[in-house]
Amino acid sequence: MIELENVSKTFTLHNQGSAVIEVISGVSLSVVPGECVALTGASGAGKSTLMRMIYGNYLTQAGSIRIGGTELVGAAPRDVIALRRETLGYVSQFLRVVPRVPTVDVVAEPLRAVGVAQEDALARARALLGQLNIPERLWALSPTTFSGGEQQRVNIARGFAHSYPAMLLDEPTASLDAANREVVLSLIEAAKARGAAIIGIFHDEAARSRVCDREIDVSQFTPGLAA
Amino acid sequence: MNAPFREEGPQGPAERAEASEYNFAYLDEQTKRMIRRAILKGLAIPGYQVPFASREMPMPYGWGTGGVQVSASVLTPDDMLKVIDQGADDTTNAVSIRTFFERTAGVETTTQTSDATIIQTRHRIPEAPLTEGQILVYQVPIPEPLRFLEPRESETRKMHSLEEYGLMHVKLYEDISRHGHIATSYAYPVRVEGRYVMDPSPIPKFDNPKLGDMPAIQLFGAGREQRIYALPPYTQVVSLDFEDHPFEPSKADHCCGLCGSAESYLDEVIVDDSGGRMFVCSDTDYCEARRAAGHKGAFAA
Amino acid sequence: MTPLLSVSGVSKRYGPHIGCADVSFDLYPGEVMGIVGESGSGKSTLLNCLAGHLPPDAGRVVFDTRSEGPKDTVTMSEPERRMLGRTDWAFVHQHARDGLRMGVSAGGNVGERLMAVGARHYGDIRGKATDWLERVEIDAARVDDRPTTFSGGMQQRLQIARNLVTGPRLVFMDEPTGGLDVSVQARLLDLLRGLVRDMGLAAIIVTHDLAVVRLLADRLMVMKDGHVVETGLTDQVLDDPQHAYSQLLVSSVLQV
């Protein structure tokens, strides 16, 4: 479902003396439906960078990234957008929201984007918010004023609203208490069970060993860090 | 008041004109040719405002110079001229202009609509239906119907050439939203042959239906603004309106106090110091003809 | 799929000075393209060339018309282009005053495009105008008020209603939130986002405000000195800018 072949990335900082930083090189990996693969490695090894490259948020300098057979590297913006809408989900560490949009609409948005009717989308959104213990009185408010943990859970709810065949999860259990961590892990397990291919970054070893089938140490691809 | 206004004498119109110091009908032949070209163009493109080089006339702007130039250009020695001002033959302006043409063209004049071949009018269409072979010449102050909404000449010219008349309906929309009905009561805009939007000069909207399918030729002259436009006989003329606010040719809800007509457009006349008033036909010739035929209104002597 | 707008080699010079040079891109239905750059970058010149306000010195701007398929709007006759401007295209000006008739009521402003394409039922026109006022969050009771009595944000929203009432497929916007208070901007952006998505609009938005493009645009073009220096997915260009100038632009934005 997710296939990387010989992927490399370099940052060129033009305004800082044209410093060239090769962050990652020669990455090849493959994730099949129903599998959850963890990216591991020291901080700065390039885990988040690689995840962003798979999402298309960062430009990939060389190599091939295929999601469900669609080539991402060099793809037209509208194709990437279509991919993100239907096929590839991403739960990042930060919730970026439009001011004034109520939480329940934020969560329902990915479903509306794939054509689900308003009422059904809202119903699913409410169910997820309930599962993630966001109090009902907050559903009509914009998440901009929520605590870090609450925002994270809204982020997760939004990420899991639509059943993406491929998912990227960046620290999904960070800043969550035990109960909510448990909810998130069961959401991941449910996604695996329905055949999603998942790549995740988990600092929490227990979480990692619970849901991940394999681990890939990204430091082996980081120039200067490889052992 | 049925006799033509001219001095008695053995001379005919041609002799009198020759004897005067003016070219026939005051304007030189080149000017008349230029104006006739403009008229022909106007007839060929009904409702389109044709620019023309308006001449200096012996009356100031705002006193009918456009109408006078058009009449002067179409007059021939055999024509019978009638001049009315707001329907009346006997007001100062009508008398002035009629005398002007008697002196400079020597043509015969009349007050009877049915006898006239050329009728110059300010702000009214005669009640008596006109016939083929007659010419109605209108005096026009502001020829551009869009002028008060769009002050730029460059823009209004574009709007006419590109047939962009949405703004005209915006004006009517604004009227309805502000007054509950279309408040324009004179100079009511019309669409000619489904193409040009035209200002029919400040005739009351009551007269608008007469504009369409008229057997006579209608010529419009604006001297200060230097535009001529025209409606050839039997032209389609539609007053602008909305489907749910249709055009209504309204008049005062009275009969003429002198002849009793319920169909003609009426002037309101104050008759005494205590606010007494009566309504009389604005078209004096029409009223007279009816009275001569025996009709009597409530105030008839 | 046929692009809705296909731009190739659009250039405009002002004497020796380059307005914009050799700009090409394809825009598909429903796509929102942001054009960013600082003053003098050529973005407004480009927008005006694309929207038919300025004749380019070179290039084609091919629009997929409803009735005749793809047609080059640069060589189109003026009546055709003006008709396009009233139906399938819309232009939202930076200053609402440039895009509204200040002496006409709000209802008349919104209804004008409808009347320009033949609407002749007062009740219907007024009903549609009132609907649209509500959609842009203007109190329907203000339908007979003149825009001179509206706040800046309201005027801008009225301009948007006036433009969108005929259901255009492509909207050009020139700094749509420029000059508005921050809170008013947020509201307007949210409204635009909703309308663009609900109506499936394609849009080209010129702005110097990166937050606006982050929120509204799918794609981004960065311009400097009349040239397009970088183009791509919005979040990619903003999070991983490749060109020196883009990097400078992004890093210059003050974080709140």
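Letters A, B and C name the chains as they come in the text, with residue numbers starting at 1 for each one.
Following the convention adopted for this analysis, a contact is a pair of C-beta atoms (placed from the backbone, for glycine too) under 8 Å apart; a residue touches a chain by one contact, two chains touch by 3 or more.
From a predicted model like this one, the values you see are computed outputs, not experimental measurements.
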Partner chains that chain B and chain C have in common: none
By mean Cα position, the chain sitting nearest the middle: C
Chain centre separation in whole Å, for chain C relative to chain B (CA means): 48
Rounded Å distance between chain A and chain B, as computed from the means of their C-alpha atoms: 79
Chain centre separation (chain A, chain C; CA means) in Å: 33
Multi-chain contact sites of chain A, meaning residues that touch two or more partners: none
Shared-contact residues (touching 2 or more other chains) in chain B: none
Partner chain C, residues of chain B touching it in the complex: 162-167, 169-170, 173-174, 176-178, 242-245
Residue numbers on chain A that touch chain C, as the complex places them: 11-15, 52, 56-59, 77-78, 80-81, 98-101
Residue ranges of chain C touching chain B (in the complex, touch as defined): 78-79, 82, 86, 101, 104-105, 107-108, 111-113, 115-117, 120-123, 125-126, 143-144
Partner chain A, residues of chain C touching it in the complex: 28, 31, 186-187, 189-190, 193, 215, 218-219, 232-236, 239-240, 242-244, 247-248, 251
